[in-house]
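In the two complexes below, chain A is the common chain; its partner is chain B in one and chain C in the other.
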Partner chain A sequence: MKLNRLIAITRKEIVQIWRDPRSLLIVFLMPAMLMALMGYGISLDQKNVPTCVFDREGSQQSQDLLKQFQASPYFRIAMVSGDYASLVQAINDGKCSLGLVIPNDFAEQLHKGGTVDVQGIVDATDDNTANLIFGYADAMIAGYSADVQLEYFQSRGHTTVNPPVSVQARTWFNEDLDSSNFIVPGVVVIVMAVIGTFLTSLTVAREWERGTMEQLISTPVTPLEVTVGKLIPYFVLGLVDTAFCEAIAVLWFQVPFRGGIAMMVVASALFLAVVLLLGYWISAATKSQLAASQFSLVLTFLPAFLLSGFAFPIDQMPVAVQAITYLTPARYYLSLVKIIFLKGPGLGPLIPQLFALALFATIIGRMALRSFRKTL
Partner chain B sequence: MENSVLVRDLVKRFGSFTAVDRVSFETQPGEVFGFLGPNGSGKSTTIRILCGLLHPTSGHAEVAGLDVTRSAELIRRRIGYMSQKFSLYNDLTVIENLRFYGGLYDVVGRQLEDRIEWALTMAGLVGRENSLTATLSGGWKQRLALGCAVLHRPPIIFLDEPTSGVDPVSRRRFWELIQELSADGVTVFVTTHYMDEAEYCNRLALIYRGRLVALGTPTELKRGSVNGELLMIEASPLGRALEVVKTVEGVRDAAVFGNALHLVVADGDAAMKAVRAAMDSDGIQVRRLDRIRPSLEDAFVALTSGDREKNGAVAA
Partner chain C sequence: MLNRLRQMLIKEFIQLFRDPRARFGLIVPSILQILIYGYAATFELHHVRMAVLDQDHSYESRDLLSRFESNGHFQLTSTLTNWHQISDLIDHGKVTLAIQILPGFSELVRKGQTAPVQVILDGTNSNTALIALGYINEIANDYGQEYALSNLQRTAPAIAVHVPSVELARRPWYNPNLESQWFFVPGTIGSILLTSCLTLASFAIVREREVGTLEQVMVSPISRLEFILGKTIPFFLIAVCQMILIMFIGRLWFQVPFRGSYVLLGIGTTVFLLSILGVALLISTVSGTQQQAMIASFFFIMPAITLSGFSFPISSMPPLMQWLTYLDPLRFYLVIIRDSFLKGVEWGVVWSQIGALAIIATVLLGISVQRFHKSLD
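After this line comes the complex of A and B, so read on.
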């Protein structure tokens, strides 16, 4: 490897990136857009579920229960209906996701100390959302039941009553159970996978399409010099881009950052090496900008989204699919990013992931070098 | 030899198509060696093999005394190459392109500055160092490409149709530069399909359908190729005239050249009489009938006539 040739390639690439505003647009505008789109668009929390109530009784007790729903951040009484049919209609029309029907003997049954059934109708077109809504509603009603029981026993002279068993849950690492703390770091991973690969996927193909490659390969330059020289500017851009995305995550989405910056730089550098080399390999192998950009999107976005553990937990996938996730570099980076963001310092749990990324970089790097040939 | 090219029985096939068919030749040090032939005759393929950009199917080729299949990287340091299509970076400035190729050829420091100055002067680009290459006209681009290809003072340069698409004045200037390089001892291997340009070469290889049909100085080719004397006839209608002259005794070959016919005949005086008589009897109007000296084009037509007739092609 000759330093002069390496410098010549790197300098040329920097000038070309600088003169092509589109590449800078990809570097800064696209991540910001993707972060905004996915950071806001994907939320696993259900808040302000539109609720329709049909209170057959209209007693003090039934209104108490509904007030609790009203006061909760999870529900919003969107409609009070006077008959069953209009409640059904509201759910059919998608105006409400939850329908609550309170029976006309609600207060009476409570007085007697009996059990009373409140009917809940959940729109389950999205089963995940339906489960969440059902869980929240169940918890609300259980809380109300406990209050009623407490009053009942107190009225009979018991001073305090404690439930026999209760769970004292403490949620670690994401104390507020805010799903954006979990999603936004994942978005950073997807954005970096897509942008990183896309950036380099054009660099070799462009030279083939414009005819500049023929002149380039007639010189004594080696494939290693071309590869390293071309990747250096994109590597620096990629690191700046990662910092940019993470700044958005911390400053805008308020995701806590508990780990070390140095660790994040090491992890990101390794992942960038993997995705940049992947893009370069695709570019050298296809020799066409269109094919390369399409390949790079399919090969990075889908695995990073579906197989990294971002959208679906890996341990709940079928075994065969789980095996495929091991071939997805984003899986390791996602795990690193989440640990560094939410868990904090400590190198121990990071080592296997760092090792996996280094292995991917080595293998893909070899393939990229091999696919760059100095013949037409 | 440091500045020679030697080719023996070179063959290159792409599938069932034979682009280069058992071509053999060698260049002499410091000469301008022309590769003349129509588009698609295998000129670029040969030049690309010699520069290590394509692997030959069979045969042997040496550049600067090195085998092209085994020592391609060593050869690349000793040659300059200008591809057929302009292939410098349009989004780089003149000086950036020169510095880039200087870096690739490992020319540095004072030496690089000297060579860049030389290249700028040679190309007439002094004062336009910071212009984007895309904004240059064809002639400037070609001269800049030549400058980039010879920054490292290679003993051999390969120029693939360097003047295609360039205006006549720039073409002439470019050939002067080639002559200067040759005078400095550089072997110049140049392909062209312009017959007039071929006259500038010390020696020429005529290549047609992948085969080398003749090799020699332009004078040798012109003299040796035409079997007999050459007549030129301007007549109308030309098509009918061509049919008629082919039936005249003593006419060995006839082909259209622009708005005239060129005839190869055994005996000039006898043939002129016979041709005029045949034209008159057929009612064809003859504006001019003369003896001429063969041009390279005549030589080319004569040398490829066997092939063309076999393939049913019309000489044009």
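After this line comes the complex of A and C, so read on.
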């Protein structure tokens, strides 16, 4: 590998990128759009859940319970219905997400003692949202139940009974369980995966399609020099892009950044190398822009979205799918990014992931070179 | 006219199926997507890895901990002996949560005081942490209730009989076991239809323009309307076939119920595909090369899927974004297809979605056909 030949290739590539300002625009427009869209649009938090109430009794007690729901930031009484049918209608239309039905002997039952059921009806088409709503509603009702019991014991002159256990939960790394702290670092990974592969696969495939790659090959440059020389400018662009995305994450979305910048640079550089080489390999193997862009989207976007642990926890997937996630480079980068953003310094947990990424870069690089050589 | 259209369609189908790689591309990615989404996209928690540190070693602490193990949501992976192990396991992501019972737990409980149970959660996945915390509170609450009641039965049986309590009776309609597959499989059908119909159709027209065969077609007696129909009907039919195939997988493999009407779903799908073909025509008028078409469709597909409520609820988005979702055809189609699968015909709801889609389709097709005419001049 000769330095001056490498520089020549790199310079040619830079000129080419510079002459095509449209794709340069995409390099920055696409990340900005994706960050805004996914940073704001992807959230699982439920606040102000519109609630429809069918209070069959209308007693002091039932009103007390509903007042607690009203006061909670998680619920909003959107509708008070007088019959069951209109509650069903409200849920089916999606006007209300939770339907509460209080039985007509609520106060009487409470007075008699024993357990009284309050029905909570949720449209569970979206199982996760339903689960969250049930969790909040459960907590509200448990709180009310405790109040009722306290009153009961006091009225009987019994010494108040303390609840035997209380859960003291501490959440590490994301104290307020803010879902943007969890989603936004993942969006950075998706953006990098897509942009990186997209960029190289399109530009290199274009060179093949137009036949200019043959011209390049007929010069004294070696395949290694072509590969490295062509990738250097994209690598630099990619690093700038990463910094751009991370700046958006920290400055705009206020995600904490607790780790070291140097660590982030190393991790991102390794991941970029993997993605760029993957794009290079795809384009050398397919030699068509259409096929290259289709392949690169299927091989980068889908795994980065689904199999990296971005939104869906890997340890809850079936074992076979978990095994596939180990073949997804985005999985390692995502866990690095999350550690560096949220967990902070400490090299220990980072090393296996960095090693995996380095391994991917080596293997994919070799494959890319081989399929490049074969075509000569 | 019919004869010319038929010739055009024959040409299109030959072009589509000639290349084995293209044939492969029509079927395999859809099947792959539905399988991956079906299995990987899950928010259910069945085996959250958990570590326990019992420093009390009493009957009470063991009783409480065994409830966590047998609950069905947690999986005990490590039993610890000291506090430092907790931070180590959580730092390395080996467990999602750790439960610590301090010495003196049973003593406090027996004395009738409140004993703390320490729970440490990894919050990097806030959704998992939130749902897991819900389960933990529920288990601890149940335990507390039972313990207090049995205590009371011994000390003051007369009072114990009449202790009132209120419980939430959970009624998850349409998806009683809260299965993620029931949510994601119908949604994936929508997103596959969108991506494949859009890219195939827009690429087909742009390729003709890029290669220069568009002029040849234009000098032939084929009219513009025939050309547009000839370029869209094949992709419409392919999308319908893809849909039938993946619906079969959803019904037979993933066992998602279908409670609605096939006719209504058919009408909804037709209108949805028309609106997508409108977008495809529009993309083909603004792009001269396949590369530009690729980028343009990417810029449409990403927002369309994110805003549709496909995996993240629209109700959690900021208000401005919620408004934007009304421009997204997929948003309406997902309601139609999820209703058809899980809810059964709710005529009012589905018709209003179909109506909205029809408006979008008319506007899009109107604009794109007009622009397309111009771009041929």
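Throughout what follows, the second predicted complex is superposed on the first by the 356 of 376 C-alpha atoms of A that agree within 3 Å, B and C clash if a C-alpha of one lies under 4 Å from a C-alpha of the other, contacts with A are read in each partner's own complex, and residues count from 1 in each chain.
Rule of thumb we're sticking to: a residue touches a chain if its C-beta (ideal position, glycine included) is under 8 Å from a C-beta of that chain, and two chains touch if they have at least 3 such contacts.
As the structure is a computational prediction, the values presented were derived from the model and not from experiment.
In the three-chain model built by superposing on chain A, chain B and chain C fit together without any clash.
By the touch criterion defined above, A:Ala8 lies against chain B but remains apart from chain C after alignment on the C-alpha atoms of chain A. Of the two partner chains placed by the overlay, only chain B lies in contact with A:Asp20; chain C stays clear of it. Residue contacts after overlaying the shared chain place A:Gly348 against chain C, while chain B stays out of touching range.
Judged by the touch definition given at the top, the superposed model places A:Asp126 against chain C, while chain B stays out of reach. Taking the Cα centre of chain A as vertex, the centres of chain B and chain C in the superposed model span 90°, given to the nearest 10.
Touching more residues of chain A than its counterpart among chain B and chain C is C. In the superposed pair of complexes, A:Ala32 makes contact with neither chain B nor chain C. In the superposition on chain A, no contact is made by A:Ala269 with either chain B or chain C. Of all C-alpha pairs linking chain B and chain C after the chain A fit, the shortest spans 16 Å.
The intersection of chain A residues touching chain B with those touching chain C, taken from the two complexes, is empty. Here chain B touches chain A in the complex through residues 48, 51-55, 72-73, 76-77, 79, 81-83, 85-92, 96, 99-106, 108, 145, 148, going by the rule given at the top.
Of all residues in chain A, those touching chain B in their complex are 2, 4-5, 7-9, 11-12, 15-16, 19-20, 210-222, 374-376. Across the interface of their complex, chain C is touched by residues 26, 30, 33-34, 37-38, 40-46, 49, 65, 91-94, 97, 109-132, 134-139, 141-142, 144-145, 148-149, 152-153, 156, 158, 161-175, 177-179, 181-182, 202, 206, 289-291, 293-294, 297-298, 302, 306-307, 309, 311-313, 315-318, 320-321, 335, 338, 342-343, 346, 348-349 of chain A.
Taken together, the chain C residues at the contact with chain A in this complex read 21, 25, 29, 33, 36-37, 39-49, 64, 90-93, 96, 109, 112-131, 133-134, 136-138, 140-141, 143-144, 147-148, 152, 156, 159, 161-176, 178-180, 182-183, 199, 203, 207, 290-291, 294-295, 298-299, 302-303, 306-307, 311-313, 315-318, 321, 335, 338, 342-343, 346, 348-349.
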